[in-house]
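Both complexes shown next keep subunit A, but they swap its partner, so subunit B is in the first and subunit C is in the second.
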Partner chain A sequence: MTTTDIASAPVGGGYDRLLARRERRFASALLAPAFVALTATTTFPLLYLVWTSAHRVDLAMPFTNGYVGLENYAVLLADDRFWSSLLVSLVYTGSTVVLQVVIGLALALLVMDMKRGQGWFRLIAILPVVLSPAVVGMIWRTFMLAPEFGIIDFLAINAGLGSQNWLGEPKLAMLSVIAIHTWQWTPFAFMVLLASLASLPDDIYEAARLDRASAWQRFYRITLPLLRPAIVMVIIMRTMVALTAFAAIFTVTAGGPGTATEILNLYAYRKSFTELSFGYGSALAVALLIVTVLISGVLFALRRAK
Partner chain B sequence: MTGKRLRIIAVMAVSLIFLLAWAFPILWSVLNSLKTDQDVLAYPPKLLFAPTLDAYRDVLFGSSSILPNLVSSMIISVGTTIITMVMAVPAAYALARLRFRGKKAAGFYVLVTQMLPPVGIIIPYFMILRNIGWIDTYQGIILIYLSFSLPFAIWLLVSYFEDIPFEMEEAAYLDGASRMKTLWRIIIPQVRGGIAVTVVFVFLNAWNEFLFAVVLSGNTVRPVTVAMFNFVSVEQTLWTKLAAVSVLAMLPVIILGVVAQKHIVKGLTVGAVKGGGRR
Partner chain C sequence: MSGRGQVSFRNIARTYGNFAALKGVDFDIREGEFFALLGPSGSGKSTTLRILAGLDAPTAGQVLIDGQDVTAVDARDRDIAMVFQSYALYPHMTVAQNIAFPLEMSGHSKAEIGPAVHDAARKVKIEHLLDRKPGQLSGGQQQRVALARAIVRKAKLFLLDEPLSNLDAKLRLETRAELKKLQRALGVTAVYVTHDQEEAMTLADRMAVFMGGEIQQIGTPAEVFAKPNSIDIAGFIGNPPMNLIPARYVDGDVTIGGHRLKTDSTLTGERDVVVGLRPGALRAASDGVPARVDLIEDLGDTAILDLDCAGTLLRMRVSDIEIPNEGDTIKVTARPQDVHLFDPATKARL
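Entry: the complex of A and B
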């Protein structure tokens, strides 16, 4: 870091100390507004969330409200819908992240070798990732997947599969929301991996070619290890996002049919804002936070491991 | 020779399939928005038809106009962007260039705040804003948007501040310029490009947000991502109008995305590269 050469300079005389104190004061003044806002919009709601999770806060039946200790958490552990939503979250996150990385990497390797047409990929790949997941969900729900109207259904009919109730049948609905998330975010993995592929040194490959290494050996022995940091970074970022995905599933299936596509995030939302039981909804959100922290802990350990 | 040729054809075919897969849903929405109510329902779907702007006229100036919602989205996004930048630029400068105790911890705190699931923020905030009567208000939505826009903007800007050579500030100090003056006159002009990129991404994220918006919006404040639900119901979907609204909601972010094309990877991965490295 560039600060080190100044930071390590001897701070001896009173004048230097004065300067250092002034710098500290200036830094606090610059940081204060952002930190006050951040604390108010993230740390404070977190504390309030934990507090609420120890209460019964039911807007439909306010007379029952009050402190309940860990009761919400006890209910949660015995709640089948919680466990099923957790499972849906893990399946959704796991499958979308694997699909994004595998397709994104394969495509990046393919495009990297292209002499012409790279620009098209770089341009088109931007489109899905800048869109609102809510709008993406809406487009897929209607123009792509609506029975006997959407293009996917049109293709399915012509392929002899017949018209399907893409969002009304539990297994197909899950496949659909996974496909939509993968459609929107694979370009992200693709762009990041393409950028890091482009930054790899050429001379290693030259040496490998002279050694008559096969294409597969070059990929497995050279490209993959060099890309590892970028791949792990993509996995971490996409996992965090998939765990808290909301808009696309909400617009496409709203968690349905039944609870077939209800990820934990959506369950916490429905419990709070549809059933108006904020205490239990808060406990679910805290559970989601714990799951997020656990998973990111594992992923960061993976990143540090050699 | 033929093997090589086959390979080229295969690569081209795969490329075309992926380019089409990514572009098609967007293109198809554009096409449907230009159809009449009869053409949109045609089976098999029509690729060739006489285009009309009727759907746009209806959704912009008809009885259920979404013009107020586009204005709503714009106010929220511009407001969020301005407030975020005013707070993030000084904070990022301090984190990137100044020496003070707890600097690492401060940077880490900014990073960790992003990990909180949005649903965990909106549940308490809904109850707080309800108590102070800020549901369905611009200040309520913009305040809570800071929870994601600030950490993002701070980290993106830090990466730009760190690129400026240190000598520039030292020269200014030696000339007797104050710290504030140096920041304002020397440093900020150096990171103009970085500030512009940050503005683009903060605006884009605010424009696209949905969870906070759907909870906090009402009759006064209702961004377009929420208002588009007016065009789909259990009984019927207003296909061409929904397509027109989708296109109007996509247009600004696609323009911004294409303009900021070169910076998009940096904008998407900010924090992750640096954050993990600083332990």
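Entry: the complex of A and C
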């Protein structure tokens, strides 16, 4: 069979193309089951979500259920709580991502210069990442932020700031959930940036020293541009996760006090599962999806630029 | 005292853990000189160069540049330009940005930098590559960019660490000649590390031969070639290097394979020696030592013969008209002034 194929294949590039086509067909066959499974588990629920968002599905008032078209979206655009939760989401995402990258990079630079103990540092640093966000939330709520007994509050008292209602006061609660997310996920940025830093060649830094670049110039003109792809990748990955964060905030403040820490994801959850308005909850979820896609689209475009 | 680009190493030592990479190195480089550090791999040449550049610190000793002790001065403040073996180009910058970098860092204005970059690029013939990134260049082109970056700032000292070792043979020869011209034109003091004795011989005004973390000899290439002062250097310099044969010395004569060979030594008495004979200094003579031709390496205009002389291997360089056949027996000798004598115990020249 092979021989006839070779014989019948056109001379030169034709045979290569034949092989390539066959390889593609084989690859498709291998990928098909995974593709079907993925479609079943992602695309279908997504379509169902959009479908639901065009309906009134209210378990509290089932007699009003039915197709409503874009009504949920019209309500959403006029919903102050939606806009406030979107703002909370953006502030939460923006500040946690910036903090993770800045602190992660600073730590990576420090650890790169450590002669000893790098391994230990990495081991300890990875711990928060492997904890479940719900557990992290519990730890912070009890050990760290509890009035008088929590480590943070204890430190605040000793620093002369007095005991603070970390989770009860709106601004402090927002600061707290941002700090918790940053605490848990900075190690991820740290690890990625450290690996990227370690892969930079030593010799260009020596060349830069002889070229009379100061430490700051070496960082700004050499390290930063060379780390740019890794930094952008970390920003993209962490932005997507932060936009859809849930468990840690849910366990620490549940969005409160009031709606001070209610990110969009949490609002959609509350609408759907606390108030049992599945139609409107779905519309909120679709809105979150659109925001996420838009932001990652912009980030990917930035990544490709230059 | 004044001058520009004088270097003195005073008893420089460098240890890594308990391994001594440099065991007390002394040399002086004069202003405008092309000075080569020659030696086999691992002999401490790069360490010496890095200490001179300030990229590495000596464990003991002093480095003086233009009469000033710079041992504790940072690399940034030594006014030294260097071409790395790996080229060490900034991968995210274009060729033009790479060359401009040292000028930017010393605070030159944009108006000065543009022409200076073009000038340096022209000197090494890479003007057409200015907009490319290093990743888009061949090894030879990258090497030129590294050169341009080093010459664009008129530094006091110009250091090169095996700059040609990653180039193919033809390009290496071309670049070698250009390097020499460039250094002459710039009039700058250059320190050149190489393990290739041919490079050192052709480029250097003077050279220091490194062996095992020590300098064994300093001199012009011609001096070192004519009078290697130890067995190690004799076995390293020259291509192929000197034949080294244990022999017995009696009042001016040595005995090799039962035959006497005259030397110009005035030592009296009898002793064991190692005789050094350059392959090119051996010549055929009817009263010479008989030797069988085991192997012929024909290099075109010359040939290297492997001779078996009563059990010892002798290598001989002959011109293409005198090539014998393998298996022939020929008679070889050397002029008295071409016979080098070394002490087998101390390895020093006698």
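What we mean here is this: the second predicted complex is superposed on the first by the 275 of 306 C-alpha atoms of A that agree within 3 Å, B and C clash if a C-alpha of one lies under 4 Å from a C-alpha of the other, contacts with A are read in each partner's own complex, and residues count from 1 in each chain.
As a working rule, contacts are C-beta pairs under 8 Å (C-beta built on N, C-alpha and C of every residue); 3 or more make two chains touch, one makes a residue touch a chain.
Owing to the predicted nature of the structure, the values given are computational and were not obtained by experimental measurement.
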Subunit C versus subunit B on the shared subunit A, clash or fit after superposition: fit
Contacts of A:Gln217 with subunit B and subunit C, given as first, second, both or neither: second
Subunit B versus subunit C as contact partner of A:Val75, first or second or both or neither: neither
Which superposed partner A:Leu226 touches (first subunit B, second subunit C, both, neither): second
More subunit A residues in contact [subunit B versus subunit C]: B
Vertex subunit A; arms to subunit B and subunit C (CA centroids, nearest 10 degrees): 90
Touching partner for A:Ile295 - first (subunit B), second (subunit C), both, neither: neither
Touched partner set for A:Glu206, first subunit B, second subunit C, both or neither: second
Which of subunit B and subunit C A:Leu109 touches, first, second, both or neither: neither
Which superposed partner A:Met144 touches (first subunit B, second subunit C, both, neither): first
First, second, both or neither for A:Val286, with subunit B first and subunit C second: first
Smallest separation in angstrom, by C-alpha atoms, between subunit B and subunit C in the superposition: 11
Residues of subunit A at both interfaces, subunit B in one complex, subunit C in the other: none
Touching residues (chain side subunit A, partner subunit B) in the complex: 1-3, 5-7, 20, 22-24, 26-31, 33-35, 37-38, 40-43, 45-46, 48-49, 52, 57, 107, 110-111, 113-114, 117, 120-136, 138-144, 146, 148-149, 151, 154, 183, 187-188, 191-192, 195, 233, 236-237, 240, 243-244, 246-247, 250-251, 265, 268-269, 272-273, 278, 281-282, 285-286, 288-289, 292-293, 296, 300, 303
Complex interface listing, subunit A residues touching subunit C: 201, 203-204, 206-214, 217, 221-222, 225-226
Interfacial residue positions of subunit C with respect to subunit A in the complex: 53-55, 74-77, 80-82, 84, 86, 88-92, 101-102, 105-106, 149, 153
Residue numbers on subunit B that touch subunit A, as the complex places them: 11, 14-15, 18-19, 21-26, 28-29, 32, 41, 43-45, 86-88, 90-91, 93-95, 97-101, 103, 106, 109-110, 113, 115-128, 143-144, 146-147, 150-151, 154, 162, 166, 179-180, 204, 207-211, 214-215, 225-226, 228-229, 232, 237, 239, 242-243, 246, 249-250, 253-254, 256-258, 261, 264-265, 268-269, 272-273, 276
